[in-house]
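Going in written order, the chains are labelled A, B, C and D, and every chain counts its residues from 1.
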């Protein structure tokens, strides 16, 4: 262990950042953690990292402990949107600025945090839906969509579902015929897709809330004797390496990126916030979408 | 024929230490762990760090107290985590509907014990194993959470906000939350119940040997149903405290909490097969988990997976020492 | 008339009757909902259909539950099985992914042997904590449950290791004689465990230790060894289950593999009729219990029950299953229905089992 | 006495368990101010009758009236509330609770709902001193021996002050002193008009205290008789159902040839064996074919001696030599490997495995010795089980019923069979005749003799001094956890002398002989 934690900037002139991560529940999250750790080291920031194991209680505990340790800046990726006012107020009273990453909170009092840095899950869903509107062959009749949701009750699942539904509402021929939770895992995606394939004679489109479920579903589709990417159009979110590979191989059709690499931006913000500079209230990570052709191009220099 | 003293004393000589040793050992180890924290991290010695352990684990403590009752009878209650979440969820949803805070409190506090009562009845009357009944209760309560809402519901009610943000003590320095006081009241009431009421003593008797308890004419069924109801009530109180704590109801909060709670109770010296243990031990158990968590946050250099490994390792070291000290004194 | 009645009673009195009945009812309900549920066709030379999926997917759970049965029978519990699944799967996949030729059988076999070895060591660790040091099983295995998940992620470095190995894939997806290999492995394992316990005296000794540890000790049973062995067996079963889980999706996910499988496994054991307090164990009941649980999961997907309510649905089914299985419930129910106490030829169960 | 109205009547009681008709149309009456003995062989239905009465079991048929009103208790709680206080056959108390609490739980003195612990302890102490027991009332009950636990259970029952007091084999683990004590108290209660139902297998005790006797056989009522009108011989005939010459065996109890057999290397020799807090170091040699009795009062440490010899408890000093070779007897398994068997006194906690069948319980020790890899072939099992079921007349004779369904005495026989099957060289029997009917008891005594004649050594512990003296070649006397003397069974050896030794504890020189 590292023995000096009472120090603020005064001690060694180094900026201390307390960061509370949601957990390590996916490859995406791990990439996110690595990005933050690496860029902290690169930026000369002392990082206090805490892993909350997907529990809000743990994150609140961690923030309280950061306050006790008098870190200079606190950053965290909230597990859920609501429920942060009390502890954020404590941080505010202790004079420690807070940056939200990856996901916002729903506090009415916007002064509780300085800024938000992250992706917009609703937008990811919407981009997926919009691509489908533009590319689906709806002229020949209704298009049957099945949806693999993330963990029931989790924010990305709720928002991607919402964004996607909003987008496809524009075309009444696009119909979600089945929607189940695959828990964001490959095994879950596969198991659910197997049943979708047996229960629905005609499936035209699969929308999976992350790459992993999509990859699991691929296996089920192949086993059912269908050709992924052709017989069934597959849209996913995230763009992790395996997903991009599948996209490049023509098994997926479209991926809305959700970038985990927000470390450099975060370190930048932390320095600014600590120096008392004004920062925009909301900063979205630079994200894009990938089609098959784009994926082939991008694949060689993907980091994660 | 000689009568006199026919019975030559008891098997073991010194009594007092033997019974208290596990609890004392746990307390000592906890202090050692705290000492390590203080020596390693300067800010650890702040009094507020201790207060935070209580603030952050108040609801866990209340739930663990309820679990202590159940485990003392030799049963188990897996539904607690979900019931906590459901209570918070129901409170949040009702408050969102605009119901008055007092009414919401009453409703929310009634749901847990009702579910506990039903589970207790199923366990007693139909002789189904507690594990399975409370597992179904766990599914049910968690299902209700997602059924009520797929996403978290914020609470903006004035009463809740006050309960959440009121700082008792020096608001700028060291303070505790109201939840901590409530948790303490629950602990004291529970300790009193177990030590001084018939219900409490019956709990121990059933845990010792439920068939004997039955033949001794004790109300086994009633007591067994009561402990699950009590556990339900404690979960409900825990749920309310959690909703104070987070000012929201989230469908996935408290997943896996039952294991933390059981761990806390067992680390506190209560035997899983029932019949022996104290509420005070449970308090220690919760503190052990809390301090481990705090140590890890203070370290701040651990990776996600190393966090888990270190938690496991600390737990192991703690239990091993606890056990070795316990054996020595036996 | 009387004879049929007698046969009916004998049948319903059988230990496995109610689990089987529940299974049949679930299948029937599914078939009513979707007539094609039971249909099985031949695709690419092997059977394809929902019942086959259920068999294949229940294989890992059966395996884990088998080991769990033995552990529970000794009066213990093993919470670490999920983590052991993840570790063994991750170890095997990591090794395979590092080899140049992932399709080589010898590579896969080495990987399996290595991962199994790791799992057995973990099982031995549990066994030592419980049998030698004397820590309460639930806590002893909780340690590995928490730390083991971390170990699995350490092995995968938090990523999902994807492999491309035909032989390994076959563990999860292969077919022999048109049947999924996975279920055959699970059944062979079940038969082996059954032979191992019932053909030798091990089963009786385990039950004796679980039923009354002190009496067994005084009868000369070295219960420490038996308990130790149970945890090792459980870890071994979990390891094979871990291979299946990872082979099924050709990738190892340290976080998700085997998550919460311990609860399902315990549930399967209990549905199968084994008491959590230890003592008598029923392997066939456990296998049925695992099938019931998997059928339930599949039913949720097949009936497209919304994820928001699927847990409520599960709760209701689990309660119903337990109720019909509980003799006390049936006794009450049948008494109310007939309005009279059962005839004396079918004596009442004692209200409470009290030894004389 | 019998001219008043009965306080309790049971008429036409029937009760079946799967496969067994435990009670078949049984009538029973109990008058105020009488002690009524309920007698019968093991498995006759005595305990079942009591449990039906107190509502532990539902009846299939029949009616119970208490004080003239028909009752059907739903369980012991109601029965106790209605004035029926019961000590069940096995000690049914909670070992984890303190002695005082075991006596008062459920009816603790309270103030404002809070249990007054001081008062509980005070009253418990007072009550126990009436029974001449000097215990630490706040110690957990489990730290005391079975006999003490039995006394505590009795204390609880008599303190309830019921109109009906039921004692199911309360004396099975008590020695003469305690029994006398108990009878004195029962006499007082009887004089106060309390009706007492008393179950025992000791004829002497029945004749010593009972006013009337009801006999059950195979779940049927044989009859109800005033004690004075029923000669012992007739009683036994009625219990067994045939005129048996067994009686001679009992009546005669002519001392067998018990010439000392101390020759050659001792089979087992303990030297300076002891355990702190349990028993002071002692030395004892046992030769092949020798029966060594352990005499002593309740709690004097007999069980401890046996447990140390067997390795059930680990000795912290001294050693045991088997066949002259010093061997580390640390665990029961090692002891069994050396041919030692130990039949524990507490059959429920340390003996039977209730879930397992009679067969499995019987072969358990033998199987353990063979190791799990070599199961005993089914044929051999059947053979062994059948032999001992017959030899000990275990009922029901079906080896596949769970042993929990057997009556207490039959469970004890199963346990005995478990050890006989292992054909041990030294068999340690701690209260083997506890709760066993006279027929079987004679059988067991005969067995011990046979074993000894066949070269098997036996360490015999029994609360009945008579029995010990009758069988042993040598008696080791225990007092206050010390072995104070070892007496050869020669002339001038009798109960009085042993009692004297126990009382004075002054025969140290003999111990070193």
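The criterion applied here is as follows: a contact is a pair of C-beta atoms (placed from the backbone, for glycine too) under 8 Å apart; a residue touches a chain by one contact, two chains touch by 3 or more.
In this text, all values refer to a predicted model and were calculated from it rather than measured experimentally.
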item	value
Pair joined by the larger number of C-beta contacts - A-C, C-D	C-D
Geometric centre distance via CA averages, chain D-chain A, whole Å	71
Intercentroid distance (Cα basis), chain C paired with chain A, Å	34
Rounded Å distance, chain C centre to chain D centre (Cα mean)	43
Chain A and chain B, separation of their C-alpha mean positions in angstrom	34
For chain B, residues that touch 2 or more chains besides their own	146, 150, 211, 214-215, 304-305, 307-308
Interface hub residues of chain D, defined as touching at least two other chains	56, 75, 88
Chain C, residues touching no fewer than two other chains	153, 158, 307-308, 310, 352-355
Which pairs of chains touch, using the document's own definition	A-B, A-C, B-C, B-D, C-D
Contact footprint of chain D on chain C as seen in their complex	199-202, 204-205, 207-208, 211-212, 214-222, 226, 279-280, 344, 347-348, 350-356
Of chain B, residues touching chain D in the complex	1-13, 15, 19, 192, 195-198, 201-202, 204-205, 207-209, 211-219, 275-276
Contact footprint of chain C on chain B as seen in their complex	78, 122, 125-129, 131-133, 135-140, 142-144, 146-147, 150, 211, 214-215, 259, 262-263, 266-267, 271-272, 304-313, 315-316, 319-320, 323, 327
Residue ranges of chain A in contact with chain B within the complex	1-6, 18, 21, 23-24, 30, 33, 47-51, 53-58, 60-62, 64-66, 68-70, 80-86, 89, 93, 106, 108, 151-155, 157-158
In the complex with chain C, residue positions of chain A that touch it	24-27, 29-30, 33, 149, 152, 178-181, 183-188, 190-192, 194-196, 198-199, 212, 215-216, 219, 223-225, 242
